[in-house]
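Chain nomenclature is as follows: A, B, C, D and E, assigned in order of appearance, with residue numbering initiated at 1 for each chain independently.
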Amino acid sequence: MELILNKKPKRPTIIEGFPGVGFVGTIAAEYMLNHLNAKSIGYLYDPAVPPIAIIHGKETRRLLEIFHAQKENLVFIHAISGVSGLEWEVANEIIELAKILNAKELISLEGVTSPDEAATSRIFIRSNDFKTEKEFLKLGAEKLKEGAVTGVTGALMLSGDHVNSTFLFAETHSRMPDSRASAELIRMLDLYLNLKIDPKPLVKQAEEFENKIKDMIKLGIESQQSHKKDEIQRINYLG
Amino acid sequence: MELILNKKPKRPTIIEGFPGVGFVGTIAAEYMLNHLNAKSIGYLYDPAVPPIAIIHGKETRRLLEIFHAQKENLVFIHAISGVSGLEWEVANEIIELAKILNAKELISLEGVTSPDEAATSRIFIRSNDFKTEKEFLKLGAEKLKEGAVTGVTGALMLSGDHVNSTFLFAETHSRMPDSRASAELIRMLDLYLNLKIDPKPLVKQAEEFENKIKDMIKLGIESQQSHKKDEIQRINYLG
Amino acid sequence: MELILNKKPKRPTIIEGFPGVGFVGTIAAEYMLNHLNAKSIGYLYDPAVPPIAIIHGKETRRLLEIFHAQKENLVFIHAISGVSGLEWEVANEIIELAKILNAKELISLEGVTSPDEAATSRIFIRSNDFKTEKEFLKLGAEKLKEGAVTGVTGALMLSGDHVNSTFLFAETHSRMPDSRASAELIRMLDLYLNLKIDPKPLVKQAEEFENKIKDMIKLGIESQQSHKKDEIQRINYLG
Amino acid sequence: MELILNKKPKRPTIIEGFPGVGFVGTIAAEYMLNHLNAKSIGYLYDPAVPPIAIIHGKETRRLLEIFHAQKENLVFIHAISGVSGLEWEVANEIIELAKILNAKELISLEGVTSPDEAATSRIFIRSNDFKTEKEFLKLGAEKLKEGAVTGVTGALMLSGDHVNSTFLFAETHSRMPDSRASAELIRMLDLYLNLKIDPKPLVKQAEEFENKIKDMIKLGIESQQSHKKDEIQRINYLG
Amino acid sequence: MELILNKKPKRPTIIEGFPGVGFVGTIAAEYMLNHLNAKSIGYLYDPAVPPIAIIHGKETRRLLEIFHAQKENLVFIHAISGVSGLEWEVANEIIELAKILNAKELISLEGVTSPDEAATSRIFIRSNDFKTEKEFLKLGAEKLKEGAVTGVTGALMLSGDHVNSTFLFAETHSRMPDSRASAELIRMLDLYLNLKIDPKPLVKQAEEFENKIKDMIKLGIESQQSHKKDEIQRINYLG
């Protein structure tokens, strides 16, 4: 796997969102990078990642593209699909990216299944940085005490000790894309990062993106290989 | 993957049509190269491409054969099957071909699914050449603003920056071969390239070829490997 | 893949019959080599070819064994199974064999599906030798003008330019072993090669062999790998 | 496969529990290491082991993590999943671990299916150490006289001659996680190792862990690869 | 694949029994080596062979273990499972074993399907040693004149010319383990080798072993890989 970088912003906060329970990481990252008008600064390349060109207005994006929101100095890396079996490698490249950019911190967005049918999703947190954790707890997040996390986020939890890493989990009740849980993630990130995102269009737009992913799932975006990953991804749960 | 070229026409327009939604690229390219009486000038070889000999009158063609219509100086490369997992490589070889022939431009033909049940297919366009785009818009094409493109065409969208590249998408409502959508593609290309193809036999002949592909699908032309590709191909959609 | 030859007859006619539509090539080649009492002169070896010992009277034969009928100077190479994914390699070795033996000509036996429910199978021909083609047309064969040919025969059609190559296709209506179509192939070859095979026991014996293959199919002779090939093989059709 | 060790306790007893019939080894090892408050001292790493981060209170554990209970000088290595196809390698690394730590003995925990529907599970034993075997027989274990053992435990039985190795099998009637059978294993180990574990909360806590594993199974923790392993694992039986 | 030998008996008769139609080779070899109290003298090792430890009284056996009955100077090599895709290699190692031990002869035990529903199984023979064949014909065996033999036995038939090789086939009507057909094989071998095995407990004990194999099949002893082999194995039939 190759890391191609056309620009190297300094001391950014890196936000990653890969497919997991409820696709909440993917949805939240996609929403934020579009909302903040982030621009491509590179991508991860591996011949095993299928060639999917995603058309977004004037841009043509690829899986594992890296975006930068200049004003907020946020770097985003996310994917809708295509990283099955490459989780360790993607995680390694993200840590490499954090080192190259001397990142301030790395924030991972994930879902976690819950039997509770509460109206709003709780947000759970794990962090290797005491101060960050405290701040998120103050904002309403709860500590995640039991669970199993897979995929790129799982790999990052097992490899990312040398970087300030925070993992946020939005409670979700479904394996299908869940834009409401993603919205809760964005709300909390908005407060933490002081982005002042207008929360009104958020749920609506997240729902649109949720529908798009649902379409892609229906249309078979997941290759045979990805099914395998899916099976593993589904085990993110609340202990 | 190897590129074998027996003849090197100069400054041609290259037209590619690979299996995608509605097989419109494959059908349109096949129709045009037969109609223009294009002759084989080489092929792409890879042992992973299955040995399928396609008998066409006196000719014996192979998958990934390259054809040249001398009068119109058009080069065609297309396939009915067999490129699953080789999309990045096929795209690389097509770009290599464009460089070797110093191609004027590269036109990719694809389908895009649409929920609209309109009688005629709209044609959508993406181009990295402003003048070409403008011309197609004048001919009635619309800009493609959202969507995900896979397969060889997806790989070309992500790799083809150094070549004048135009991507045409015919709206289709079905995953089965769609000759009517292909006919719309051909009509627009006819205008753009000033080919003066008599449009009357077009739909009828395209339908015949559509039936042939349907037969091949029924007879199981798609190997296990290709199924995988199919699953990915299906996600070409209108955002 | 290795070519092991214990004897090198000079200037033979090589006849190949590999599994395809109706197994007509396999059945016809097996019948002829048994009828002419051809003797083993070698075989193709590849560890990917499964170890199947075929007991035939006092002989123990293997897949891809090569036989020689001395009086008629005919060399046979055929298989019932086991060449899936090895088609290009088998074809290369057959061409190599033709060169080593300085073969007079190479005759491929195949089936081609047809919707016609005629009582007798028509025989279709493709040849790169004008004289041979003319002779077969005189004997009642018709030119094959449209179709797709896969498997070893497909690979030979795409690779065999340097050898005098003739491809005979017997019309068949079924994907199951078809001894009657094979019988038509043998009748025409008998005339062309002037073998004077008594035609009476032919259909009966071919039927017996057909039943044997059917048994083998029922008993699961086709490995998983072969299924893949089957799917591809089925596309031999009349355009 | 790599063995990473951050600490090297001397002369420990090593206890392994890998997924098998009734998951009894996994459940028993997990219960004991939690109960004894064992701390991570390293892990086995292989890119083929999926990245699953298991959150347990303040700790983040991985598959194939190695734990040490200091007071009792017990080393635990266990997994819930992810070792399919790696059984020989995992077994080799466990033997390597035993050598590096100069382990006193190696105790493997496994399940064995039985048609008997008795209320409590019998414990069966195999040992290459006469004294250990005698002691366990005195504690109520029975000799295992017939059966087939697969997975990591099977590999250890075939490779572990140079280490004092004892294999304990808890009778189970189900392929689903069986905490009651695990509890019997723990009771016997408690006596043998003189751990003085309070037996009262045992069954209850084991049941909770059993439910957790059942959830993970329901949620699809087993990847395609693991299914293969499962099929093999199931053959542990009483001869 | 590696051949590990701890003892090298001189001039033994080697008897092999691998899974095939009715598992008759496996059952017969297992019965005989247990009955004659044969001792392990080595094994074949390959990481692709799954780690299955078979507990038999005080012994722990593995797949592809090699046994020696000293008094009768018989060497046994057999397997219940796990040789799928390794047939050529296993056969090569058996021939290597025969050379190292300077074996007197190699006797392969196999099943062959038959539509006849006769009460007792006929035994068929192929041998490259005229004297041995004559002897078995005198004992009631019949020559096998048509058929296809796969698996390790098939590979041995195609590779074993340099060793005195005899192949015995017991007629069976089922693909499930068939202890009665195995008993017929043992009866004939008993006469040929002059073992004076008491025939009375034979059928009963063979049935017990048959049930054990049936259990293992039910419990899923066959891995995915083995299914492939099974499909091929089933084609052993009477021509």
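Assume a contact is a pair of C-beta atoms (placed from the backbone, for glycine too) under 8 Å apart; a residue touches a chain by one contact, two chains touch by 3 or more.
Quantities reported herein were computed from a predicted structural model and do not represent experimental measurements.
**Student:** Could you run down the chains that neighbour subunit B and subunit D together?
**Tutor:** Both subunit B and subunit D are touched by A, going by the contact rule given at the top.
**Student:** Copies subunit D and subunit E touch; is their interface built from the same residue numbers (over half shared) or different ones?
**Tutor:** Different, since under half the interface numbering is common to both chains.
**Student:** So how far apart, in whole Å, are subunit A and subunit E when each is placed at the average of its C-alpha atoms?
**Tutor:** 57
**Student:** Roughly how far is subunit A from subunit D, centre to centre by C-alpha average, rounded to an integer in Å?
**Tutor:** 35
**Student:** Which subunit D residues touch at least two other chains?
**Tutor:** In subunit D, nothing touches at least two other chains.
**Student:** Which of line, ring, star, complete and other names the graph you get from chains that touch?
**Tutor:** Drawn as a graph, the chains make one closed cycle, so a ring.
**Student:** For a quick check of the interface rule, what order do the chains take around the ring, beginning at subunit C and passing next to subunit E?
**Tutor:** C, E, D, A, B
**Student:** Write out the stretch or stretches of subunit A touching subunit D in their complex.
**Tutor:** 87-88, 91, 113, 126, 144-155, 157-158, 227-228, 230-232, 234-235, 237, 239
**Student:** Would you tell me which residues of subunit D are touching subunit A in their complex?
**Tutor:** Interface residues on the subunit D side: 47, 50-57, 60, 62, 212, 215-216, 219-225.
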